[in-house]
Amino acid sequence: MSDAVVTLADGAGGKASRRLVEGLFLEELRNPMLEPLGDAALVAANGTRLAFTTDSYVVRPLRFPGGDIGELAVNGTVNDLAVSGAVPVALSAGFVIEEGFPLDELRRLAASMARAALGAGVSVAAGDTKVVERGAADGLYVTTAGIGLLDLRAVLGAGRVRPGDRVLVSGGIAEHGIAVMLARGNLELELDVESDTAPLNGLTAALCALGPELRWMRDPTRGGLATTLNELAAGAGATVVLDETAIPVRDDVRAACEILGIDPLYVANEGKLVAVVSPGSADAALAALRSHPLGAGAAVIGEIRADEDPLVLVDTPFGGSRIVDMLVGDPLPRIC
Amino acid sequence: MRYVDEYRDAEAVHAIAAELRGLVVPGRRVKLMEVCGGHTHAIYRHGLEALLPDEVELVHGPGCPVCVIPMGRVDDGISIAERPEVTFASFGDMLRVPGGRRRSLLEAKARGADVRTVYSPLDALGLAQREPEREVVFFGVGFETTAPATALTLQRARELGVGNFSVFCNHVLIGPALRAILDSPDTEIDGFVGPGHVSTVIGTRPYDFVCSEYRRPVVVAGFEPTDILQAVAMLLRQLRDGRAEVENAYGRVVRDEGNPRALAALDEVFAVRDDFEWRGLGAIPRSGLRIADAYADWDAERRFEVPGARIEDPKACRCGDVLRGLAKPVDCGVFGTACTPERPLGTCMVSSEGACAAYYAYGRHLARDKMPV
Amino acid sequence: MCLGVPGRILERVDGDLARVDFTGVRRNVNVAFTPDAEPGDWVLVHVGFALARIDEDEARATLALLGEAIAAELDASIPSDNLSRARKAQ
């Protein structure tokens, strides 16, 4: 965190973001429901166990290959509920709109959200709109909150992870971040990649059927797979070891990352999930993911190892290994 | 990816690693320096040090042009960026480099400066053409690999008469840095892995002096794992045979004469400064480029007043020793504690290609008992 | 910063520009420093400029050396009666 002001790094999802959340917000707001800092809070009320989450969307540009801010906002919150082991039920949507924003564009985005909600099997049940002066809000900001009913088959948490457990990803990484970055037009690269934004609740329900063999799930958004797995390592107090050759990345996405000097492990995804399962259930988990259209490219990418220093390591094909640290700076700002 | 994957073939890598074992004299330590940030990065990213025989130590030299820019010059850049009429365009790697008082371009951006990341200096020129009411300044950083791109961009700016564009020139030359390392009294480098991409521009002849005057072998290498290990093998063979020659192991892109057109552009657009300060190494004569008088109208240093302060490295910083191969990152008292990639004290930690940053990011698990976590 | 990436020239665009393909990613690259490079040629690209044409013969020569290293390693690790079988399989 900078000494006196917030910088873009604080919003990137990596170390600086974590410090802002833990050092400022958690300090002020501290309570048992917030403390775990999971993707969703677990709320018990009247004998029902709910998951409750919120997210803000500030992506630029508002529309990009494969999606728009509306679709992102619905899928993103659905996914935070889904990876917490919940069946998403309802969302709220708050809009902060800049004066002068075209109404037909707003209608297009709302229609997009409706389609996304239908696709995810949820309703946008409540909302709010505010309009701010020209120059503020940079067009449009969207905040969604969501509630879901906890799937009682699943008992999830980083603390449930054991040495020998396998790490799976549901498909190719880095597509969303690269698609948005290209849509900004200032890097002059052309490639046919689209955001992978998608609702993951179908995939997560399939994995929840594994019961306690499923330990932990997340959707690796800002900061990419690297950041999410560093959070896992810290939460589990164990080392995550990845096999470099097993991590799925499309050839052209990999090439774009090479040109820009960015590691795909740090690039945002919006339609992928990463899961940790027991060694005995890895085959079943992979089969469950691959039988779903969104999980066709699923792969086992690594495993958990006991270690006093929780790290994420990548084994290279040459017998060496390297640490994959948490994101420090921000390679691609305003990706989500 | 063609011309990449074949040179990352695991079988080939292991085969060369096996060859290396036969090329060392057991117990006789050899120190080889690689002078290119790209090599440092590649070695750590692919975990190649694990494949070297114990006798071979790779030392990471001053090959990171982002890292060696003195804090005072970063501050000068920030002062230009903070002007309300300026759009400051820079390569991404420069944004987080702290100047004096730990401020960086990224922080300046947070406080309202118009700082933008570009992939190419031509993109910065394009910005100037599209936004004629802005003063676009490009932060020119890099060795002879990158300087020709800046040179050509300035030539275009002049041809097209783009008046709202200028370059803040901090390009540096690898040859004088090599000489400074070799002239250091306690340097113990036995051979050099030559910078592959710099050499596409300058060719292989500029390294002749290393062999003729200092009797050390140089092998110019590419950046894939097989390229690097191949170069190590060739250096070990030279040492075994008592030779000190320049060899080119990157023949697929490096020609002995370099790239004449790129060199001509450098000649036309730039002049060599009498002195330039390198962070960690001090002032090295005739090691930095400035914009030639013919292009004065596009020289940001002539267009804008800059503080021009000289800021000392913190006393605890051992970057000078690390750059000369006299210390490893873990030998520095502040490595990983007061000096980390997020809050770097010295040049070696400042960009992902610096020796300490690369070691911290990729390799610190190899020496965990020495390192505070 | 030493980032040099190989790409294949698809076509010349006006002036000194060429459209280059990098495994499915395309970008306009300035080829003023590699005037002899033609569509179909591979070039090394750094910050939007082609710095050198990739010489196919040199590339193959380096790969051949790698092949020899692999063969030598194979020879060293396999008992002689299996050697010819291993060579045929390569």
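Chains here go by letter, A, B and C, matching the order in which they are written, and residues are numbered from 1 within each.
The rule we apply is simple: a contact is a pair of C-beta atoms (placed from the backbone, for glycine too) under 8 Å apart; a residue touches a chain by one contact, two chains touch by 3 or more.
On a predicted model such as this, the values are computed, not experimentally measured, just so you know.
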Dominant chain pairing [most C-beta pairs in contact]: B-C
Most centrally placed chain, judged by C-alpha centres: B
Length of the line joining the C-alpha centres of chain A and chain B, rounded to whole Å: 35
Distance between the centres, which are taken as Cα means, of chain C and chain B, whole angstrom: 24
Numbers and ranges of chain B residues touching at least 2 other chains: 1, 4, 14, 93, 119-120, 123
Touching two or more other chains - residues of chain C: 3, 5, 22-23, 48
Residues of chain A engaged with two or more neighbouring chains: 188, 251, 254-255, 258-259, 261
Partner chain A, residues of chain C touching it in the complex: 3, 5, 22-28, 45, 48
In the complex, chain A residues that touch chain C: 188-192, 250-252, 254-256, 258-259, 261
Residues of chain B touching chain C in the complex: 1-4, 6-7, 9, 11-12, 14-16, 18-19, 36-39, 63-66, 91, 93, 119-123, 141-143, 145-146, 148-149, 152, 195-198, 200-201, 223, 226-227, 230, 249, 251-255, 259, 261-262, 265, 351, 353
Partner chain B, residues of chain A touching it in the complex: 2, 5-9, 15-16, 186-188, 251, 254-255, 258-261, 309, 311, 313, 315-323, 325, 328-329, 331
Footprint of chain B on chain C - complex, ascending: 1-6, 8, 22-23, 30, 32-35, 42, 44, 46-49, 51-55, 58-59, 61-63, 65-67, 69-70, 72-73, 76
